[in-house]
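What follows is chain A paired twice: with chain B in the first complex and chain C in the second.
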Partner chain A sequence: MHTESWQSVGPTLDECIKCNICASYCPVAAVTDLFPGPKFVGPQAQRFRENGQPHSPDHSVDYCSGCRVCNEVCPTGVRITEINTRARAELAEEHGIPLRNRMLGRNDVLAKLGSIVPGLANFGLHNGLSRTLADSVMGISKGAKLPRWANDTFAKWMKKTAEQRLKSDKKVVYYHGCSTMYYEPFIGKATVAVFEHHGYEVIVPEQGCCGLPLLNNAEFPEARKYHQRNLDWLTPYARQGYPIVGTSSSCTLTLKEEAPEMLDMHGPEAHELTMAVWDIFEWLRELQESGQLQTDFRPLPMVLPYHSPCQYRAHRIGSPSLEIMSLIPELDIRESHARCCGGAGTYVYKKEKYQIAMDVGAELFDFVKEQGAEVTMTSCNSETCRWHIETGTDLPCRHPIEILAAAYGLYDLDTRDLV
Partner chain B sequence: MSGHSIDLLVIGAGWSGLMAAYTAANAGLKVQVIAKGLGSMHWAAGSIDLFGYAPDAPDTPIHRPLEYVTGKLAKEQPQHPYALLGKDRLVAALDSFVALTHELGLSYGGAAQPGENLMLPTAVGAARPTYLAPQAQLGGDLGRSEPMVIVGFEGLRDFYPQLIAENLAKQGIQARAVLLPFDVLTDRRDSNTVQQAHGMDDPARRSRLISELKKLAKTGERIGLPPILGLDDHAAVLFDMQSQTGATVFEIATLPPSVPGMRLFKAWRNRLNKMGVRVDSNMEVVSAQSEPSSNGAGPSVHLVESATSARPMKHRAGGYVLATGGIMGGGFNSDHEGHVWETIFDLPLTTPQARSEWFNPVFINPAGHPVFSGGVAVNEAMQPLDGDGEVVYSNLWVAGDLLAHDNPILQRSLEGTAIATGFAAAKAAAAAS
Partner chain C sequence: MKRIDTEILVIGGGATGTGVAWDAALRGYRVVLVERRDLTHGTTGRYHGLLHSGGRYVVKDPVSATECIHENRILRKTHTHCIEDTGGFFVVTPEDEGDYPDKFVAGCAATGVPCNEISLKEAMRREPLLNPRISRVFEVPDGSADSFLATHATAQAARMAGAQLLNYHQVTGLIIEGGDGEKRVVGAHVRDVARGEDLEIRAQMTISATGAWANVVAHMAGISISVIPGKGTMVAMNHRVLNTVVNRCKMPADGDIIVPVHTVAVIGTTDERVADPENLRIEPWEVQLMLEEGEKLVPGISRARVVRAWAGVRPLYQEDYAGSSRDATRKFALLDHKERHNIDGFITITGGKWTTFRLMAEKTVDMATSYLGERKPCITATSSVPGVDQGPYWLGHRLHEIEEKKLQGQLVCECELVTRSMLENAVRQNPTITLDDLRRDVRLGMGPCQGGWCTYRAVGIVHEMTVSETGHPAESGTAEWDVAYMQSPARNVSSSASAGAPAIPDDERALFNPNLLLRDFLQERWKGVTPILWGQQLKQERLDELIYLSVMNVDHLPDRDLSSPVTEFYRYDTTPNGNLEAPE
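Up next, the complex of A and B:
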């Protein structure tokens, strides 16, 4: 027990005034009895997880989706999600981690394997029989949308187009994450196009999975290795003063804050990396503030429901995607105040949690429906959220960077390719 | 205001913060709200306490609070926020708030006799004075004579109808209790009033409860419930309940989380969004920078920084309203020696700075305790003052529970001062722009 330090969250426990705001806003507790709410499994149960207590008292903490809405609404600054994530890790240490969760935690390995023969991998995974088997044998929910492997990885595309890539004194480092690498290289293409549109040369260094799926599946020791790897690869760029910009809001949050904090990796290099990592729209907002944002937008006449995902809100940077997209003429953005799409990373892929994920998402899916039949697509920053929103709404969901690239006339939102 | 993209940055999203944001946006200012978390509206009963008890008569509720605070109180305590505001601004603020609640479809009202305090039942069956209350609470007015049936649900925490009815009966109010099975409300094993209220937004759930209420209510009886009459669709739920039972149905506020407060918060925030005002929580302001005096205007706030997952985020605005709340809200912090400070600007405080001076010797003390009436001293424009009576920052206004020279819990004046000072701070900021 207690291989993890509670130092960074422990003191905030004393700030809990038991006001129950977190329990009232928790999207999971709102739809199921299986999770009593953040206050109960967090600050309350934490009293029984002190040193010397043999067992973690509350197994229902496993049903926490890690969405961080509790942190967002807590009036006194208790770090409830961090308490719960650590409690999950202790549970895992005590009871072991199921094979399925080990697999979900290592989606980067799976993604890499599949990308060797993407056609076969897609066929193997995306058929009724294999999904039924995965559901009944592994407990991987049949209804949750799995991504398809792209024919070419993002890295291959970068290599292929190396000669066309812009060279410039202004340089930016792109952290694309696993999803862009293997499943959605078009997000990377749109991003590179936007960078270059602003006169930036794009450096794509060697990089690995941020480790968030491992953290969410309670594999802290492995996550520590992942973060160390990224520190080795990325910190040299941070030291040279390059901004390290990412498009996946969960990955950038993990690099900035979640990995160092959960894993107690507070060394100088972790701090250097934290200070160098930016969400792409956070970075674009800086350009805007210094008058360097390109504003040669074409009108995008459409209604666009936009959901700021939980992990994006957890950056605590406001809503730069919304601010920048608002500059696009004729784009009618409808901001969702839904607490969470329900998907919550690997949560929705767990059979026993699938229905919860759908019930949590209803708030957002209903919001999208209310915006009327003219809505043809939605927008969200996080990949797993986009896939879940597509399941729940039957509409395509695009990353805001795709929307922006389209507004610059660089990208086609239907074919998801550069123009 | 001075070429900023934001004219006024409001720090805090409780009663005073939202009132300041709403008032300033109405005056044409470009406003943004940032807050550490969601605040006081989620804790309080949802009604507007103007003034409940005077220090010299702690057991007798004030009958006509507006008259009292603009008359006797203003004379005796000229530094009290109400005294600084004066009657005109106080009345204008309350009127503006009531008009807003009508627009939001969450109308507030007062006692049958204008200017008087209402007496409403609490969740332990005591009588509490308040000045304005949501429509759904008005039916519980203890000044009315119809008997009550208080309806609770087995296993629903924080609401025990027997306790309420017995205590009301002791005060001469005709009341009886009924306990319904939990499954009238929900198939869940356990949930709080917020989740129940949300459930009632569903017409099918609603009709299940209505048919039970019809069975149990006697002719002429009022029906008192925990605050579960809808969350997003409250007006429709209340209407259905009253029209289909044929009885007055009312809510009795419970312990936090406050359903009436959450209804108002959600609708108010949405309204602000429509007015172009962003309201972001999870943005804790951790530092501030000021600029020295120029052109004789005195020092001013240059920017504030909020914590993010990485670098602090800078917020620049023409002016700033500080509405971070009191000890509960986090506007103050203290250490074990008793040193108390304002958390963002380290503004001068009137609060005693030694722990031995915080409290009077008697715990339940009609005079209150010094630590609770300490805070930021302001002038009539809600600008913070230092010990010499000089304005600290020319573009900073303070509202709500941070203010000195009142004791909102003891005096039952929290929402009244918050709304009125939020209103006044925004008006002053608008006038300065």
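Up next, the complex of A and C:
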């Protein structure tokens, strides 16, 4: 691959000292021979890639799930996952992108379509026949859990409840992402409730998909458009000094870092946005540190296995969800040290990768099992991870913000609605 | 004492000598070539990697320019798989003022070097890291070339035509008959340095193709020729940086070319007169100058990872020479010692460039023919060496083949993608005295970790082979390894690919001492890293040091008094006071 600039991710291959730590931590390489490992397909193979070669030299890079465990353990700072993602994009440029991946890459469009007639869409998508068809015709794994469309989108709920919403001088911008918008508006409700509980007025500006599914499915030109749109919509708020807070750990990571880095969009706008975007618990931890966090918690007597998703760890902000949730009385949190749940965004939906995703997740699923029969639910920040963990454990999985909202007495964890 | 009789004895296994052997054998002569170390151990294995278009010489040395473009076209056919068609740019940076660019264009036209001015925008599109302050860009048909592979392929072609090539055979003296005015070289005293045996090779014509060592060999005939050793230092960056050869459009000077070759980009060179072609020390100022000059072509390059530095020595010949060595002509020197010194049976060919080795060989054999009598005409320009069916070299070919054949688990050298089978075949079928020979065969240890992870693996494999295989010596000529494919993982898939291949000859097997192999190679790799020990490569070496000194304790291996024919060479050079072993 051509190095466009010294600032881009490619030249970080120079940091590699071949130590193999990434190779020994990679959860995918541990369960399949189809993936030769992050060092191999990353900094190593990168030295052999170049534009305009007679063939693209390697395809195995497509088995990288993008989980970023390699980046996390690399002692010298090689942007291994990003190198892989780019290499996949180059592959796509040469071989084209399968329709399936185009669909998975544009789940925002799909989500929007489905939300028009959610009942029908749910029936269409979730009946056994259509899943079998999708599996055999499109290669979309039958076993992977697909989300259900909500009856009302988050935007509709905001509109409906506009009157009741808190007005305040303290304002925060909420980046909810596609999943909260169409599938899990209750995450948004819980979030708004927590914001308001702290006296913040919630602004929900126009916003679009962060572009991560496109990046992961190698559609860089389209991802560039998506990111530009978000820059246009969101940077004005950043400029006014509002924090832009999100609940989906992968969306916020994309806005903060992935999109500008992968797409080489290093302009001042992108930088302003990067500086303004927060993960919700990262932001709450700031409140806590300045003594403004509400502590009127009710006890939540239960055992809660919590998995910090790879995308969340990639923020490099420690474990703010864990820190805040551990303030909740009688909540017995069991932190998972599994490397990855295996789902990895759209990875698990690809038929040829489904078993890999299940095998990778085994580490986490077994951990949950070991916590005993009293466990009734688990918790994780990322939506696609939650769906996959539900598949792997047969237990409901909740976002930490739902847990927190419940601890404030604002939210019911079973009905997933405000109380 | 063993004695070999032949028609032509070639001394020197660089590009030139191997080319001479190939040409002469094709014309029907009986040929023996001796090289005191491995093939390409001399300048040929230490050059910059550029297949010249001739552009560099169009103003200063038009004859060379014409020769280069002529040979450039031929080598792309005869040695296709050894050459990458990178193309080349001559760029005018803000530092390069004056009328040189116009002279350059006129020079290209006059010498027949194709040259096409392209827009800066187009150049930047193709090479985004180029200095944006460049004002003009000319495109020429430069390329990059693997001289190890090319020389091995030429050697194989020579063997297939009947030549005998002996490496680790050093000429220690010339055999001279006849008195004053009637002197005649009739062969050479040769030492098999690996086995410590002497032999005598009798020949009707002795051709010295010893490059920068030509004067040393000439001395053996009691004569002196003015070969000026000009040392050139190069630094290799850890990755390609560029995919096009980039030259400064100005009078040739230091550090004005970057050549992408295999996985690295090489900035070069300096040019310093040195007294001795053997002990080349890389000075800090040379490395610094390369990076400073590189910065003018590719801003930022000096902060990127440098993987290694090395030096080669130019055999520059000039009659009655007196100036600084950059000004010496690049044209080759073919010396008929009968005519010049009244010594019969002896020719020296030196100078020139890698790019022109075939032409030099042709002219040399033409001269030999005038004494030995006409045989078949020269056909090297229209022949091809084995392996050309692989097509032109492309960077991803190894990765592609590893991927296709699923050989990821087979890698010995992970940086340069050398599989176990590639290594084993190279050991079995190419005379191997040190791991450095394997490096030249398959690129073992040439990547970022500089042998950190592959050295102990390779030693283990070689050791296993020497203790477990029962050998029957290779009959020379018949059991030639398909060296043409030595760099191809796919062609060396399993040991079944080498079934029928000879095992390591018993007498060679006796030469392997694993501890010595390990020490020599570590020392050899270390030599090229010491001059650039900072930043990422320093981190790397620290890790390598922990592996070898702390984990394996190689400072205290037994057999510390053993040495190979190259031990001294690796030890000296950049570490004149260094000693691998701890003091007693």
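In the analysis below, the second predicted complex is superposed on the first by the 403 of 419 C-alpha atoms of A that agree within 3 Å, B and C clash if a C-alpha of one lies under 4 Å from a C-alpha of the other, contacts with A are read in each partner's own complex, and residues count from 1 in each chain.
By our rule, a residue touches a chain if its C-beta (ideal position, glycine included) is under 8 Å from a C-beta of that chain, and two chains touch if they have at least 3 such contacts.
Just so we're clear, the structure is a prediction, and the values are computed from it rather than from any experiment.
By the touch criterion defined above, A:44 reaches chain C but does not reach chain B. Touch criterion met: A:257 reaches chain B, while chain C stays clear of it.
Contacts of A:36 after superposition on the shared chain: both chain B and chain C are touched. Of the two partner chains placed by the overlay, neither chain B nor chain C lies in contact with A:201. Of the two partner chains placed around the shared chain by superposition, chain B and chain C are both touched by A:17.
Contact with chain C, but none with chain B, is seen for A:58 once the two complexes are overlaid on the shared chain. In the superposition on chain A, A:286 makes contact with neither chain B nor chain C. In the superposed model, A:76 makes contact with both chain B and chain C. Legend: residue contacts after superposition of the two complexes on their common chain; A:335 is shown touching chain B, with no touch to chain C.
In the superposition on chain A, the residues of chain A contacted by chain B and by chain C overlap at 17, 19, 33, 36, 76.
Chain C meets chain A in the complex at residues 128-129, 238-241, 243, 263, 300, 303-305, 391, 394-400, 403, 408-409, 414-415, 417, 447-449, 452-453, 536, 539-540, 543.
Taken in their complex, chain A has these residues touching chain B: 17, 19-21, 23-25, 29-30, 33, 36, 71-77, 253, 256-257, 274-275, 277-278, 313-319, 335, 337. If you check the complex, the residues on chain A that touch chain C are 2-6, 11, 13-19, 33, 36, 39-40, 44-51, 53-60, 76. Per the touch definition, chain B reaches chain A in the complex via residues 36-39, 42-43, 188-192, 194-195, 198, 256-257, 262, 269-270, 273, 278, 280-284, 306-311, 313, 328-330.
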